[in-house]
Each structure stands twice: as C-alpha cells, then as structure tokens.
Amino acid sequence: MRQDGRLSNGLRDIKITRNFLKTAEGSALIEMGRTKVICSASIEDKVPQFLKDMEKGWVTAEYSMLPRSTPTRIIRESTSGKIGGRTHEIQRLIGRTMRSVMDLDAIGKRTIWLDCDVIQADGGTRAASITGAFVALTDAVKFAMGNRMIEKNPIKDYVAAVSVGIVNGEPVLDLTYPEDSTAEVDMNIVMTGSGKFIEIQGTAETMPFDKDRLRRLLELAEEGIREIITIQKSVLEG
Amino acid sequence: MRQDGRLSNGLRDIKITRNFLKTAEGSALIEMGRTKVICSASIEDKVPQFLKDMEKGWVTAEYSMLPRSTPTRIIRESTSGKIGGRTHEIQRLIGRTMRSVMDLDAIGKRTIWLDCDVIQADGGTRAASITGAFVALTDAVKFAMGNRMIEKNPIKDYVAAVSVGIVNGEPVLDLTYPEDSTAEVDMNIVMTGSGKFIEIQGTAETMPFDKDRLRRLLELAEEGIREIITIQKSVLEG
Amino acid sequence: MRQDGRLSNGLRDIKITRNFLKTAEGSALIEMGRTKVICSASIEDKVPQFLKDMEKGWVTAEYSMLPRSTPTRIIRESTSGKIGGRTHEIQRLIGRTMRSVMDLDAIGKRTIWLDCDVIQADGGTRAASITGAFVALTDAVKFAMGNRMIEKNPIKDYVAAVSVGIVNGEPVLDLTYPEDSTAEVDMNIVMTGSGKFIEIQGTAETMPFDKDRLRRLLELAEEGIREIITIQKSVLEG
Amino acid sequence: MRQDGRLSNGLRDIKITRNFLKTAEGSALIEMGRTKVICSASIEDKVPQFLKDMEKGWVTAEYSMLPRSTPTRIIRESTSGKIGGRTHEIQRLIGRTMRSVMDLDAIGKRTIWLDCDVIQADGGTRAASITGAFVALTDAVKFAMGNRMIEKNPIKDYVAAVSVGIVNGEPVLDLTYPEDSTAEVDMNIVMTGSGKFIEIQGTAETMPFDKDRLRRLLELAEEGIREIITIQKSVLEG
Amino acid sequence: MRQDGRLSNGLRDIKITRNFLKTAEGSALIEMGRTKVICSASIEDKVPQFLKDMEKGWVTAEYSMLPRSTPTRIIRESTSGKIGGRTHEIQRLIGRTMRSVMDLDAIGKRTIWLDCDVIQADGGTRAASITGAFVALTDAVKFAMGNRMIEKNPIKDYVAAVSVGIVNGEPVLDLTYPEDSTAEVDMNIVMTGSGKFIEIQGTAETMPFDKDRLRRLLELAEEGIREIITIQKSVLEG
Amino acid sequence: MRQDGRLSNGLRDIKITRNFLKTAEGSALIEMGRTKVICSASIEDKVPQFLKDMEKGWVTAEYSMLPRSTPTRIIRESTSGKIGGRTHEIQRLIGRTMRSVMDLDAIGKRTIWLDCDVIQADGGTRAASITGAFVALTDAVKFAMGNRMIEKNPIKDYVAAVSVGIVNGEPVLDLTYPEDSTAEVDMNIVMTGSGKFIEIQGTAETMPFDKDRLRRLLELAEEGIREIITIQKSVLEG
C-alpha cells in the first residue's frame, strides 16, 4: 500500500470546478489531491504567422507555476528572464494534445489560448493541466458556438492524462510528488475518450525497464484515464 | 449611487482566507468583490548583496497577474521577456510598505519574499495585494517564531491599503475596474493600524485637483482602511 | 539651518539652458544645484499601437542616468539588460505629467518623446526632469507650430515638480542627495501653473507620518513649485 | 516500399567518424543518410550548483542546428535571443539518456558536456545526436581514464536511439524529413545495449493510435536500435 | 622558422570543398590548416526595413563558433543570451566585405545571408570565413542566375582575406592560434582580385608599431591574398 | 575646400573641459566641432574573472549615444534590450587603446572604467571618445596616485585618435557626419605621443583603395593626431 493509503491503481480525489474565473470564455479549477491548477481558455481573433494564409485556427498553451506552489519557493520565469526547458516541454504537450482532438478548420482564423497556472503542486501537474484544460476548452467552444462565432463543434473526442510510474519496484497510478521524486520510471500518458493514445512519454529515471513493465504501466494509465474522463463527462454534461 | 449600489464611502465585500496554500510559511487568499489575489510569504536564509555585511534582514515582493485575470488575455511577462513598468511600481510599493512596519534587525540575516498573484482582477489589485500580503507576512512570522528562527516579533503595526478616486466628479472609495478606468483622479493610500500614512500615490488622470478634493479623498481612505484593518484583526486574532 | 545653508523652504539655484542640443526639436539643460539633466523633445510621425485607430497623439518619456552621474559608478541598464523598477517609475511619471497638461487631440497622429538623461545627480532628479522636460516640450511644440505640423497650441498649462521631505524631523523643500538618503519621509509633488495637483507621491521611509506633517509638506511644495514656474516662464517667455 | 527504396524496417546508411574534432576530449561525426551531426564531449572540473555538496558528477547536453542545415534557413537562437521549446526538449532528452547509463559517482566532481550540432538535417536528428553523443562520451571517458582523472569506467551500458512512426498508415523505421512531416504518429525510442527502454516519446500528430500499432512500433525500434548498437560497437571496439 | 615549419611568408594548406551542404543555395567548407569553417549562402525574398522603399538588395553575415571548436569549451551565445562584441565585429566585417564587391541593385529586393560556422579553430577564423563565404556567395549567385531570379552577375571582383602579425619581433603571414595569442601586432587584411584594399584592421596588442613595420605587413598580406585568390579561382572556375 | 571651409588637412575646433563631472575620479567634456562627448574614468576595487589569479589590473570602456544626440532620435540600447554591433566595436576599441598605453601591473587589482557618452554627434565620435577618455584616465590616475592607491604612474605615453577618409575623391582629415556618410573610404587611426600606431581601421565603403591612397590617409592622420596630442598636453600640463 502507498503512503497515502491508495492501492497501486488508485487515483487521488479529483474535483473540477467549472467557470472558476468570471473573466474568461472558459475556465476550470482542477484539484487532484493537493495538486491544484487553474485552467483558462481564451479566444483570440488572429492566428500565428505560419497559418496566415490558411483558413484554419490554432490552439496553443502556456503553463506556469506560482512561486510558492512548491514547498521551496521557485524563481519566477519572468524574473529570471527565461522560460525553462521543463515549462517549454509541458506547454508544448498541452497544446499538441488539445489540437489532436480538435478540428482546427472548424474554428476559423482564431487562436484558442489555454493557460494552466499551478497554484499548489503535489505531482501530476502536467496531467492535471491537460485534464483541466480540456474542460476550459470545451466551455470556451460552447461560448463561441452560443455567440455564433463557430458553427460546428470542433471537438472530436474527450481527452485526459495521467501519470504512472514504478515506485519501489511497483507500478503505480497517479504519483504524488514524493512518489515522483523517488520513482525509477516516470511516465505520462494522454488518451482519448475512445481509448486511443495521443502521447506516451516514459523515462527511466534510475533504471531501464522492459516490455512487461511497460505493458503494466499502460494498463494502469488506461484504467485511470477512463475514470478521469468519466468525471470530466459528469462535470461537463451533468 | 454607484453602479454596484455602493455609497461613495462603501467598501466591497472583503474575504480573507488564511493559509490558503499548504506549501508556504504564510499565505492568504484575499477577495475584494471580484478582485482575488493569492498572497504568500516565504522565508529564505539569505539576504541581498547590499546587506551582506549587516546583521539584518530584508522584505521584498513580487506581483503578477494571471493572463486571464482580466476580460482580455494579457501576455505573460515571462513570455514577453520583460517586466513592465506597472508591475515594477506595484511590487516596489508592496515591499516598501511591508518593510515600513517591520523591525528588519529582528528577523536576522533572512529575506521574506511576498508573492502576490492576481487570479481575477476588478480594480484595486495593488491595495488588495498589500492588505493580503500583510496577513501572509504575519503568519510567516508566527511560523518563524514558533520554530525559534526569530525571537522577537518584528511586526510593529498593522498595515493595509485602499484605492480612492474621483469618478464622475464625485470622490469615492474602493474603485472597481470600470470606475478606475474612467476616474479623473486615482489614488492609492497605505496606512498603519495607528492611523498614519505610509504611502500616498495620487494621479490626476484627466483633471488636476485642488486641496479640498485631496482632503476629502484622504478622509475616505482613512475610513476605509480603518474598516479593512478591523477585518485583518478579526482574521488574524479571531 | 541645512548643511548647505538653505532655510527649510529654500530652493537650490536653478539654471535652465534652452536649446542645449542643436540636434533636437526642443531641448534644455536644467541645473538644480549640482543636479544636472539634459532634456530633449523629439517629434515622431507615428503613434503607439493602442492609439492606431484614433485621431490623437501621445507623449511619452524615457529617463536614464549616466553611469558616473553618481559618486559610485552605476551599471548601465543596456549592459545589465534590464530597466530597473526605479527607472520605470520615473519615466512613467514624466510621461503622465506631460500628458496631463496637453491636448493630445491637437498634436495629431504623432508621438512626442521626452528624453531625460541625468549627467550629474545630487537628489531631485525626477523633479528636475519634469521641470526641464516641460521646457523642451514647449520648444518642440513651438517648432511644430512654426512648421505648421500643429495648428493649435496643445499645451494647456505650465507644469513643474519639486521634492519635499522630512529630514531630522523637519519638513524641508528640494532635498539634496545626502538629505534624501536620510529622510524619514520623501515626497514628490507635481503641480500646474494654476496651482493644482497632478501627482502626489509620498513615502514614509522610516517613520509613518500624520496629517499635520502632510499639510506642511504640501505647503512647502506649493511655494517651491510657484517659484520654479516663475523661472520657467522667464526662460520661455523672457 | 518507401520513397528512398527502403523496406519499412530498413535503416538508412550510418557512418560514425570518431575523433572528428582535434580540439575535444571526445567527438564524433554521425551521418544517418543525409542527416549529419557533430557530437563532442567536454570535461569540466566543476558541477552545477545543486550538486555542490555531493561527491558526484553530472552529464548535460546542448543541441543546436546550423542555420542552413535545413532547406529553408532558420534563425539562430543566439540572434532571436531565446532557446526554443524543441531545442530544450531535445537537449534535456540527450542529457537524461546519457546520465541513465552512467555511474555519476564514478566521475567525481566533474561535468561532462555533450554538444550536438546538426550540420545537415533530414529527419531523426535527435536520435542521431544520442547515438553519436554516446560515442563522443565513451571517448572522453577513455581520455579521462587514460589521464587518471577517473579510475573506474562509469559507463554501464551502450545506448542508442531511433525514430519510428506511422506514415501513410504503415509503421516504418528511421524516418526521413519528408516522412516525418507527413507521419500520423511519430515516436522516438532510446534503448540500452541490454535491450531495455530508457525513453519512449510517442505523439499522435494527426491520428490517435491503438495498442497494436504501439506494439509494432516498439518492435521496429528494438530491431533498429540493436543494429545501431552493433555499429557503435564496431566503431568503438573495432 | 615558425613552429610548424613555415617561412614567415608561408600560408597553411588551404582546402575548399564547394557545395558542402546539400541544403543551401551555395556553401563551402574551408580548411586553413586546422581551422575549419562551414560557410553557406541563403537567398531570402525580402530586404531589411531600411531598404524597404528602394529597388536593391542586401548582403549580411552571421558568424558563430561551435562550443568545442576550441581546446576549452566556450559557452554558446544562445545560452548566454547575448552575442559578444567579437562576434559582432566579425560578422559586420564579413557582411561589409561581401557588399563591397557586389552590385546590390542587380540582386533585386532580396537578402543574401552568409553563415560562417567555425567547426575547429586554430587562428585566422575571420579571414577563412571571408574567403569561404565568397565561394558560397558565388555559388548562390550562380544558382539564382540559373533560376533566372537574377539576370546580371552582381559580383564585381574576387575577394579574400588573411591575417598577418608581428610574432617574436618578426612579421609573419597567416597566424595560427598560438602565434596569434602571443603576437605583438595583429592585423586582418581584406583585398580584391584586382589588388585593392577593402579592409585594414590592425591592432597593437602589446607594442605600438611604426610605418616600416606596417609596410612589411601589408606586403605579406598582399602576397598571401594573391595566392588565396588563385585557389578560389581554381575551385570556382576549375 | 570643404563645406565648412576647412582645408583637407584641417581639424575642427577642439575644446577639452577637464573635471566636467564633480562625481568622478576623472572626467572630461570633449568638443570637436559639434561633436560632444562626456568621458569619465572610474576606479573599481576588483578585476574581471579572467584576471582573478593575477596581480594586475584592467581597463575597460563603455560607449553610448544619447537618444537625441543625432538629428533623428535613436532607440536606447537599454530599451531595445541589446547592445548593437557598432557600440561593441567602439567600446572594445577604446578599451584596447587605453590598455595599450598602460602598465596594467602598476594599477594593482583594480579596474578602471571609461565611460564615453555622446551628447551631440556630428562625426568622429569614436575618435573624440578616445582623445577625451585619455584625459579622464590621466586625471583618475592622478587621483589614485594622490591617494596612494597607485604608486608608480602606469601611463606610458599619450594617445589620441582621429578619423580620415576619402570624400569626393579627396583624402581629408576629421570628417563631419555629412562627410562620413558619403565617404568612399573611412578610416580611424589611433597613435601614441611618440608617433606609433595603436590601431588602424580602414574600410572601403563604396570603392576599394590602393596603396597610394592609404599612404596619404596615414599622413593626414599622423599630422592631425600630433596636433590633438598638443592640445591634450596643454590641457593636462598647462
């Protein structure tokens, strides 16, 4: 059993608060255990330079952590003057994920910005950001359809993410920060509502892993994501 | 009467949630109407270069707005790569204010960082940041005294801030964003629990003002701050 | 009596040299005691992005100190790669002040840049910058009217600034650097020729202050600014 | 059959030139078809700040593309002033990979820098960088052991990487740039000489993929990496 | 005699490989002894802002050194975030040189970028860059004429460069890095095929020099450049 | 005859005001015709990193132009966030020049900073900066010797600079900005009091030049510098 009493295939408590910000087209506060992320979706009436001659839109993401989201204060990237590699990796992942379930032709010459700001971090912030950003995105799309900015629903499927890993030799689901920082293998999986993979990012932190371990980690992730998407559905459709 | 029904000397509803973050030595969520700011206080065991040969500490602040704290998304300062003038002004004000009620000798060779992150903005974010930061600071000091890092309470007085201004020719207290953006005069006042001034920052946005108007604005601010400090006290001592 | 023999309400010697630079539309060298600032005004035929759809102009300012304007060399902001908070504060103040006495509709789609470069610093550089920038601005406007770029005089009133403060318990006018660095309260006041306030920025550096002290500081500033504007007038109209 | 005549499980021609640079402790030019990368390994007698109190070393990597390594010139990151997200991702991957086969205690308080500079790019630059960097690293370690800087061989296993993907519905090995830019799924795999996974990074660019497809891609990668490691061995041991 | 056996007026072995990169309109690898530079020429269909209203083109250059082109690793300018003074000086020199032998009207509204990337450095990298860049430029121009982008050959003359200097009191041609770092005088000369000067940049590193010494250095350079241009011709016309 | 009536070998009026700044160890205002530069010398009690283990000092320079030193306002390098190539070139030249006439061992572990700030520019700012910086440097050295910081005079010779060029086919001395901007050849020469060369930087802007022209330009420069050094002497020794 794990330090917080969960079984190896147990998720932490998940709570998603829709429309957390009154100022945005779509927004959500997602809480996975002690991990808390504010996700917002903003619609902008222009597209990046590389799409300027095409009749389609774009979806992109930015990710940041409050300086005191962690037990030790971290320096703001605005202060240090550069965006770190980890931040870049995560925001590219969030953007790519959202685009993979969107019909970009259907949103016209617009950009949807997804901002994921971690208020409190206890592991799994990138997975929580993806899961929460999908809710904010869905609400922004509803807003745009309600305002007749968009005619056809561009969202093709649900999408959510979860972390899995090998901790003390045991494959486990949804790692807390203490688990993550001692994990031998650390993996983030993004899957659709129809059970297909969008992203697999697995890293052997201290110990290379074989195919059996990989298979078990993918099973745990699949189960976990199915459960998370059920929660998304109840929040969005309930 | 004002758009939201308040009298000219009326404050918006204020709610302060202590220890909002589990990760910080001190923290608070302050809500003034729709304006919401997360304030945290972090204790670091070193001092800036210019104090390195002295037996005293430092208190400094950083301020930021989430990109979607406003009705139109603002570009992150980490993305633009530079911290704007307004941000600089506000974080210098917060730091100066906190230092003015602290005995810096009493905290030893330590820096206390105050982070004020605006989640939702509807006017008065700098005043709310000061009021909330004081609560976070107080809790961090309590934490440090509890851990015997600090022996003597370095906090000499309460401190809070409020905005006042002239809107449609009328002096009013605690401006919302729509009021602020049409104000003829805009002023931020910081005062102590003993009713003395720490900062006065007044600007004639569209119309120079005379001494009578100034006197009335100071009265409104004084009343407002007295009320806010009462709330701080009930939260911290209640 | 003060270290340099002045009474508490005494200004230092002020000298303003009009058209100090042959290269600019308007310029002035202002000397207040040992503080010396070169101010220039430049007219550019475009406006910032946020005004692009409006039929009006803009006035903005930049402020800088030569590295050896001070007894200890300061690092250039071009070398450090970032503009400090103090610089931002001052240049925003100068810009705001000049705009407050201008009819921006009357200058057309143009930007007037005010550059204030401190050659030698002995306290009061922001006040001197404002007082000198107004002279440079006035000459640039005359130049533009002479060239029929502007038809109607956009300048609505005179404007000047001065510092006041409490030093050794005594309210004084126009602080030198040694006075400023030991002041308990430090205040910068900007007023118009008609005696109204444009800006009040007061800070309790070491000791909160009450309403009586505030009243006295405002009186000193008012007297001082009246005297400074008399000098501006004799320079510009003499 | 593929555009360049290869079977779906065919690698491009690989050529590794050891000690390509006379100036470095270890270096290699790796060519995979038209993709060419210069890899060098540099030993520095200090460690990053976060290791300063530990008796171990560090391995880190930097990756860059020459501006004209691609058919359209790309702007230098030194000119644009910021390192892009893709670069960050790749260099973090290279560093992590090398560390995973190293005993960092055995190199003492030293940092080994791996620089991968792409001269000509035709797909698979990150995989080629990893494969080439391992050769440069091995030679730098030999150099250090020859000079008695290091006593025990810190390299625990071989490591190499390859790209796989789904192109026109077919899983293929070692994608060229034209294949990569039209791939439905794109995956990079890093494996050790003993056949275990170090990294799996798979992305559904246009079409989510199921477990069968994933299994086939992993098989292709495994075969490919086995072949590449045979080449590394013949170069290093031959 | 010099350390590597050359006479004072001897060049190192020079080898120029045309079309070194398959990806560029023109490119060359130039080797002068152990100094190796990849030069490429790229044609872009736009011109810098300051030429936007003119019917002519531009030629510009960028120069960089691989981190391990030198015996001690140098930090990438993309990592340090700023381009050093030496880099600026060299790339301005290369650009100016190429423009001086070009008819910029004849290339239309286009920019030709010359990228010089030093792979291995042993003195004389700026001279080698100029000599190699001219070859890349010539091939890019041929490409453009072949594609009827340009009608008339814009290249007016050959151009090459060499270093000369005073080492151990003796004027010598084509300095290696060990010679350069102990030289009393260091000079770079750029000349045309018709034997005229384009640039003379001479610096007394440790000892001012008189006119006689200057005359001798210019003679050495002239001889050397004549020889280098003969090699360029055989490569380009052979 | 030239536009301002000078002969081809005529200098503009030169005026050097010693101790122009009260705040610096050494300073000078140099005026060459309409070109005006403030030069200051600052002594700092530390040396750059690369000298940290040696018993010698360093001399370095920074150069900047006020935004309105020119007929069209130029953007501050602190605002654009990067120091341009021209600035880098000039400040490296000034530093190198001053070091070439200094005995760096004699100043101990100190850095002397030379700041050259152009107030008004009409050609020849780099030459004027060198000539003026030498005066500021000399006064700073006197100050340091007077305070017994330095025992032995580290200055070995006078040094000054001048521009020469070919304008309308004619070699001329000390170019104004209008001359410089139409010059076919542009050259800056730095020479010592004993008539030897420190730097020669000549560029064919529009037309390569032969040896005869070079000889004539060097003669003009030699004459001019002799005259300038006479002025330096009368100012410093008079």
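In this document, chain identifiers A, B, C, D, E and F correspond to the written order of the chains, with residue numbering beginning at 1 in each.
Everything below uses one rule, namely that a contact is a pair of C-beta atoms (placed from the backbone, for glycine too) under 8 Å apart; a residue touches a chain by one contact, two chains touch by 3 or more.
Everything quoted here is computed from the prediction, not taken from an experiment.
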item	value
Labels of chains that are neighbours to subunit D and to subunit E	none
Co-neighbours of subunit E and subunit A - touch as defined	D
Most widely separated chain from subunit D, with each centre as the mean of CA atoms	C
Of all other chains, the one whose Cα centre sits farthest from subunit A	F
Same-site or different-site touching of subunit B by its copy subunit C, using the half cut	same
Pair in B-C, E-F or A-B that repeats D-E, with over half of contact pairs matching by residue number	A-B
Distance from the mean Cα position of subunit F to that of subunit C, given in whole angstrom	33
Mean-CA-position distance for subunit E and subunit B (Å)	58
Touching two or more other chains - residues of subunit F	81-83
Category of the chain touch graph - line, ring, star, complete, other	ring
Starting from subunit A, with subunit D taken as the next chain, the full ring order	A, D, E, F, C, B
In the complex, subunit D residues that touch subunit A	82-86, 88-89, 91-92, 96, 100, 157, 187, 191-192, 194-206, 208-211, 214, 218
Residues of subunit E touching subunit D in the complex	21-24, 27, 34, 38, 40, 42, 44, 62, 64, 66-71, 73, 76-79, 81-83, 113, 115, 117, 119-121
